[in-house]
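The two complexes that follow have chain A in common; it is paired with chain B in the first and with chain C in the second.
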Partner chain A sequence: MSAPALTRSEAPKGRPSGKHAAGPPAGRRREDIARSIRRNLSAHGFLIGAVLCFGFFSWYPMVREFLLAFQKNKNGVTTWVGWRNFEQVINDPAFWQAWRNTLLFTALALVLGFALPFLVAVLLNEFRHAQGYLRLLVYLPVMLPPVASVLLFKYFYDPGHGLFNAILGSVGLPEPEWLQSTDTAMLSVVIAATWMNMGSATLIYLASLQGIPGELYEAADLDGAGLWRKIWHVTIPQTRLILSLMFLMQIIATMQVFVEPFLLTGGAGPEGSTTTVVYLIYQYAFNFNNYGAAAALGLMLLLLLAGVSGAYARLNRSSGE
Partner chain B sequence: MRSSGFRRTWTTAAIAAAFALTAAACGTSSTDEGGGSDPGSDAGKPLDKKAKVTISIDCMPTKTKDDELKGWNRDIKAFKKLYPNVTIKGKATDPCLEPPRFTAMLKAKSQPDVFYAYFTDRQQILDNDAAQDITPYVNNKTVPALGDISGNVLNDLKSDDKLYGLPREHYSMGLLVNRKLFKKAGLDPDKPPTTWEEVRSASKKIAGLGGGVNGFGIYSATNQGGWHFTASVYSRGGSVVTPDGKKAAFNDDTGKAVLQQLKDMRFKDESMGKTQLLKWGDLQKQMVSDKLGMFLAAPDDLNMMAQQLDAEYSRFGMGPIPGQKYTLTGGDAYYVKKGISPEKTKAAIAWLNFRFLSQGKGRFDWPKIKTDGLPVGLPQPDFWTGETRKKDDAAREKDATVPVENFQAFRDNPVPGKTEPAKAQEVYKILDVAMSTVLTNKNADVDKLLDTAEQQVNQVLANG
Partner chain C sequence: MAAIEARPRTLISPAQLGRRRGKVTYWIVFGLTMTVFTLVFLGPLYWMITGGLKSTAEVIQSPPTPYPKDPSPETYGDAWDRLNLAKLLGNTLYYAFGALAFQLVLCVAAAYSLSKLRPVLGNVILGMMLATLMIPATVLIVPQYLTVIDVPLFERNLANSPWAIWLPSVTNAFNIFLLKRFFDSIPQELLDAASMDGASRIRTLWSVILPISRPILGVVSIFAIVNVWKDFLWPLLTLPDPDKQTLNVGIYSLSTGVSENVLIAAMTIASIPTLLIFLIFQRNIMSGLTAGGLKG
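Entry: the complex of A and B
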C-alpha cells in the first residue's frame, strides 16, 4: 500500500517522493498508516454500519440472486443448470401475459400517476388560501396503511354491494364490473394505486414549484403568455430535473407492482389479466418452491430496469447538453 | 487527498466481513450437539429415560389462543412426569405456517427440531434436505396406535417407502351449509344436497330469498380456484393429472361439466352473486353473515368461523361432498429435522405420540378439551381407523359441545379420499384462470378454456 498523499506532501523537503522514489523507512511508513487510521477512524466507524446494512440486505442478496438464477436445488443438493431456469420461465404460459400486464400497468400509471400529481401540484400552487389544509387532504391517503387503502378500494369496487356501483346505479349510469372484468381490472388497480401514492409525488412537485422565482412568471405575463404557455415555457423547464427524476422512479416502482393486484384481485385477476411480473416471481418462490425460476425472472426484471434507467439517463444527458 | 488504495482495501475488508457474517448467519449447520443422525440399531427402542435431551418444536398455541395453550401446557407437564429427562421448548407461531416464512426457514436450515408443515409441503421439505427418515424410530412400541392410523394418511408422509412425518390433522372435504338459509328456502338442513344437480337446484332456491343472498360459493383466486376445481372434479369421479403425474387429465366430460355448471349457476341462474375472485376467508365471512347458503369446505372451516368470526357452531351443518365419488383430502403433520441426534429424535417421537397420536390423551383427551372451552364433536382430525376410531368417535360424542347431529350426514357417508395432484400449486395457478373466467365472463368458452389449461398443465408437468 502506498503512503497517503497528504503525508507525502508533509515530508521534509529534499527527501525523494513519488512512486519512482525510494519509499520511507518501514518504521515511518507504519507510523503514517497508524496516523491515517486514527484520523479516519470515526469516518470509517460511521461508514461500517451502512456498508454492513447494504452488504447484508442489498449486495449479498443480489449476488445470491444472480447465482440462484443458474442453480437448481433438489434433495438438498445444489446443481448448476445453465440457462434452464430462464428457459422454464420463458416457456411458462403466464410469462408473456405477466410482462404485457406489467407494461400496461406502467403505461397507465404513468398517464395517471405521473401527470395527475403534477397537475394537482400546479393547481395547489395557485391557491392563495387554505393551501396547508388542501396539502393535508392530498397527502392523507399516503398516511393510511397500504393494505387498509387497498381493502377500502376492494369494497368500493364490489359489483354487488360496492360504493362505486351504488353511486352509479343511483343516477342511472351503467355499473361496470371493475375488478371482475378483463376490460377494467387493470385500470381499477391503477386508479387505486394512484389514489394511494399520489400524495407524496404531489408534495415533491409542489416544493419544486415553490422554488421557481416569481419574476419569471411576471416576465411571461409582460410577454402576454397565457396559463398553458406559462406552464409549458416556465413551469416545466424549471421543474425539469424533478420531473425527470420522478419519471424514472415512477417507471422503476410501477414495474415492480405487487401489493395492489395481490390484494385486489388475488394476484392473477380475471383470466390472468392482473398477473404481474413480481406476482409471478412470488408464485415461483413461495408457492412453487422454485427459487431458481424466481431468481431468473427477477434477474430479467433487474436487467430491464437497469437498461431503462441507463437509456433514460443517457437521453436526459444528451437533451441537457 | 487520501490514498485510494487504502480506502479500497478498507472497504473491501468491510464488505468481505459483511458477506462472511451473512453467509454464517444464513448457513446454520443442520447438525447439532449430541452427534450425528445415524439412528443405529436401537432406533426402534423407546427413549432412554436417563438421557437428558431438549427439543424445540413450533406451532405451539400463542397467548391469544389461551384455550388451546392451556391444553398444550397441561400436556407438557404430564409428559414431563413420564419423561423427566426431556425438556420441550415450544415456539408459538400463528398461523403455524406462512409459505414465505416457511420457505425462508428451510433455506436457512433454521427449522426447530420438530417442525410443522402441510402434507403438500413434503416435496419442498425433501428438496431442501430438511427432514430425516423416521422409519427406524416409528413402530408399535413408540407409537402404539400406529396400526390404526389410516394408510392413506401415512402414505402422504412417505417418499420411497420412507416415513418423514407424523400426522397432526387430516381432513376430507364436504359441503358446508347454512342451516338458517336452508330452512328459510324450504330445504332440509339435515339432508344437504348429495348430487351436483341438487346443489344447483338448492342454490337457486336460496338465492331466490333475495337481499343479496347467494346460494353457492366457490374460490377462483390465489390458486384456490384450482384447488376447488380439483375437489369438484374428484367428486364426479374425474382426475386432474394422470396417475403417473405426467399429463393433464381434466379435459374431459367431467372437467367440462364442472365449469359448465358453475357458468350456468353464475349467469343463467344468477345464484352465485356478482362478486367473484374469492379466496379463503371470503366465503366463510359471507356464510357467517347469512349471505351464503353452501360451499365446499373442510370441518376446520367451522373452527375459523366460530373462533375468529364469532359464529355459533349450531348455525351450520355439513354433508358429504356432492357426487360422492372421491373427496379431496389433506392435512398437516410434524417432521423431524435432519441431523439431530438419535436421542432427540426419540424424544420428538415420544412427544408427538403423547400429544397428537394417543387416543384419550393430549389432543384426544376430549373431557379436558371440553373444560378448556374448545369444541368437541367435529369430524376432524380424521385419520383413525379400526378400534381406535370406534373408541375415539364414542368419546367425542360423549363429550360433544357442538351439535353432532348437524354433521351426521357427513359422518354417515364417508367418501373415499384422494390427495392433491402432482405439482399442485402450479397446476392450480393455471386452473384458477379457467375458474375465474367462467365466473366473470358470460361468454366464456368452456372447451377452449380446458384446451388451453390442458396444454399449459402438460407444459408445467413436462418441465419436471
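Entry: the complex of A and C
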C-alpha cells in the first residue's frame, strides 16, 4: 500500500484559526464569511468539470428534447409549430405498428428475459460444484461487443445454412424462417437479446438468493413444504424487492430496444415486423432529418416510461405498508 | 463432504442431498446443466473462433461442419488487413482509455466534493445529476447528437473527434453515485487528521481517499472501458468517418463487403479484448455488478 504519505512528524501547522483571536465580532464574521466563500469556491472547483459535462451533454439536451418536440427546422430557420409534430407522428402508418412491436418485444422479453435468469439463478444456487464456472458462462455473452454477438445470431438464424435449422432439421423438427418471416422475426430478436443480456440479471439474482437466511428453508422443511412451495413461499417473497425492481428495469430497458433489431434485421425487418419505437425515432432523426418528429415520439416514450416508473413507485409503497 | 456441510442452507436440505436418491438426482441435474450451459454459452464462441478458420466455401456449407476441415489461420490475417482492424482497434482503445481518464478525474473530483467538501447547492447538483438516470438514454440521443455537432457557446462541431465520446461519457450519474456512496463511508476523522497535518484538499484526495477507494475505482474503470467498447449507436452517429470508427461500427459497416469467414474472424478479434478483461477481472466485475446495485 502506498499508505498516506503524510506523517505525524510534520506536526500540525496550527492553522490561523479564529478560535483564540478575540477580535471584534464584526471582523470575525467577515473572516468567517471569507473562509466559507473560499471553502465553497474550492469545493465547486472540484465539481466544475463534471457539472460542465452534465450541463452540455445531459441537462441541456434534456431541455432541448422538450423544445424540439414543438419546433420545426426548415433550411436553418426554426419555427414553433405547436402540436403539429405530434400529429404528424401519430398519423404515420408506422406509428401503431412500432408501438405494437415494442410492446410485443417487451412482453416476450419479460417472459424470457425476466423469468429465465431467475430460474437459472435458483438452479445455480443449489449446485455444490462448478458454480463459478457456470456463473462465468452465463455472464460471458454480456462482455462480447454487440456487433459480434448479434452477427453471430444472424448466421445461426440463416434459413439456408444456419446452425439452428441444421440442428432442428437433424432431429426432424420444423425449420422456421426465423428473421425472415413476420411471425418469428420478433421472437428471434428476443432470443438473441436474452442470450446477450441475461448474465447481469442472473448474477444479481444469485447475490440476492445468497442473502436468504437458511433458517427459513429449515422451517419450511419442518412444515413439510415441497420444492415448489418453498420457492413460492420462501424464495420469491425473500427476493421480492429485487425481483420487482428488476421487473421495472427490464421494462424500461426493453421498451428502448434498438441495437438488436437494427443489427439483426436492419431495423424494420420483414414488412416492418421488427420496427420499434426507438428505431422509428432513429429513422425520423437520421434518415429524414426530421428532428421535431423524432423529439415528439421520444417525448411520448419518455412519458410512458415515467408513467410505468410512477405506477411502480406507487404499487411498491402501498404493498410495503 | 465437509465443504457441503459448511455451505449456507439453500432450497434443498443437506439431508435430502445426502440420501441416495437425492445424490443421483443432484448429479443428473448438475450434469445436464453443465452440458446445456456449455453448449449454449460456449458453443457460439467455439463456432465463431473455428468459423474464422474455415474456408469461404466451408463456412456457408449446409449442414455446418463441426470443426474446420482444413484450418487456415490466414483468414485472421486477411480480416486484420481487409477490415483495417489495427486502425479500428487503435481507435477503440484510444476512445476507451480517454473516456476512462475523463471519468476518473472528473467523476472522482465531483464525488469527492459532493461527499466531503459539501459546497452550497451540492445536494441540488447531485439531485440534478441523479435525475438524468430517470431519462431513458435513447430518448436523449437525438438532442445529444444535435448538441455534439454544434456545441452551444463554443460553436464547435465535435463529430469525428474523440471529444464526442469522451465528454458525454462523463455524464454517467451512476458512477458519481457509486463513488460518492463509497466516499461517504470513509470516516471524517481520517480527513481531519490529514488536514491537521497540513495536507491540501488535492493532497488529501490523492493520498488518503484514493488509496482506500481502490476497489470502487476498479469497478468504475472496468465499466467505463467496457461501456465504450460495447457502445454502438452513439459512435455510429458521431464518428461517421471510416478512419475514426470504433470496432463495432467499423465491422458493421464493412460487414456486407467481405466474405463470411473473414467477417467471422474479424468478430473474433473484436471480442478478444473484452473477453480478456472479463477473464482477468471477473471477480471485480461480478462484485461491482452486485455491490453497485442494479445497472441492468
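Everything below uses one rule, namely that the second predicted complex is superposed on the first by the 267 of 321 C-alpha atoms of A that agree within 3 Å, B and C clash if a C-alpha of one lies under 4 Å from a C-alpha of the other, contacts with A are read in each partner's own complex, and residues count from 1 in each chain.
The working rule: contacts are C-beta pairs under 8 Å (C-beta built on N, C-alpha and C of every residue); 3 or more make two chains touch, one makes a residue touch a chain.
What you are looking at is a predicted structure, and each value in this text was computed from that prediction instead of being measured.
Q: Using the superposition on chain A described above, determine whether A:F288 touches chain B (first), chain C (second), both, or neither.
A: first
Q: Specify the partner with more touching residues on chain A, choosing between chain B and chain C.
A: C
Q: Based on the superposed arrangement, let me know which partner A:E65 touches: chain B (first), chain C (second), both, or neither?
A: A:E65 sits against chain C, while chain B stays out of touch.
Q: If you stack the two complexes on chain A, which partner ends up touching A:K230: first (chain B), second (chain C), both, or neither?
A: Touch partner of A:K230: chain C, not chain B.
Q: If we overlay the two complexes on their shared chain A, which of chain B and chain C does A:D183 touch? Say first, second, both or neither.
A: Neither partner.
Q: Is A:A253 touching anything from chain B or chain C once the two structures are fitted on A? First, second, both or neither.
A: In the superposition, A:A253 contacts chain C only.
Q: In the superposed arrangement, does A:H44 touch chain B (first), chain C (second), both or neither?
A: It touches chain B and chain C both.
Q: Looking at A:N75, would you say it contacts chain B, chain C, both, or neither? Reply first, second, both or neither.
A: first
Q: Between chain B and chain C, whom does A:E31 touch in the aligned arrangement: first, second, both, or neither?
A: In the superposition, A:E31 contacts neither chain B nor chain C.
Q: Taking the superposition on A as described, I'd like to know which of chain B and chain C A:V138 touches: first, second, both or neither.
A: Touch status of A:V138: second partner only.
Q: Touching chain B and also chain C: which chain A residues?
A: 1-6, 40, 44, 47, 51, 54, 56, 59-60, 160-161, 285-286, 291
Q: Applying the document's contact rule, which stretches of chain B touch chain A when the two form their complex?
A: 1-3, 5-6, 9-11, 14-15, 17-19, 21-22, 99-100, 103, 107, 123-124, 126-130, 212, 221-223, 273-277, 279, 423, 425-426, 429-430, 432-433, 436-437, 440-441, 452, 455-456, 459-460, 463
Q: Provide the residue numbers of chain A that touch chain B in the complex, in ascending order.
A: On the chain A side, the touching residues are 1-6, 33, 36, 40, 44, 47-48, 51-52, 54-56, 59-60, 73-77, 88, 91-94, 158-161, 177, 179-182, 265-272, 283, 285-289, 291.
Q: Show which residues of chain C lie in contact with chain A when the two form their complex.
A: Touch residues, chain C against chain A: 3-4, 7-13, 17, 26, 29-30, 33-34, 37-38, 40-42, 44-45, 47-48, 51, 60-64, 102, 105-107, 109-110, 112-114, 117-120, 122, 125, 128-129, 132, 134-148, 151-152, 167-168, 170-171, 173, 176, 194, 196-199, 201, 203, 207-208, 211, 226, 229-230, 232-233, 237, 247-249, 251-252, 255, 260, 263-264, 267-268, 270-271, 274-275, 277-278, 282, 285-286, 289-290, 294-296.
Q: In their complex, what parts of chain A are in touch with chain C?
A: Going through chain A, the ones touching chain C are 1-8, 10-13, 39-40, 42-47, 49-51, 53-54, 56-62, 64-65, 68, 122-130, 134-141, 143-149, 151-153, 155-156, 160-161, 163, 166, 169-170, 195, 200-201, 203-204, 206-207, 209-210, 212, 214-215, 217-218, 221, 227, 230-231, 235, 242, 245-246, 249-250, 252-253, 255-256, 258-259, 262-263, 278, 281-282, 285-286, 291, 294-295, 298-299, 301-302, 305-306, 309.
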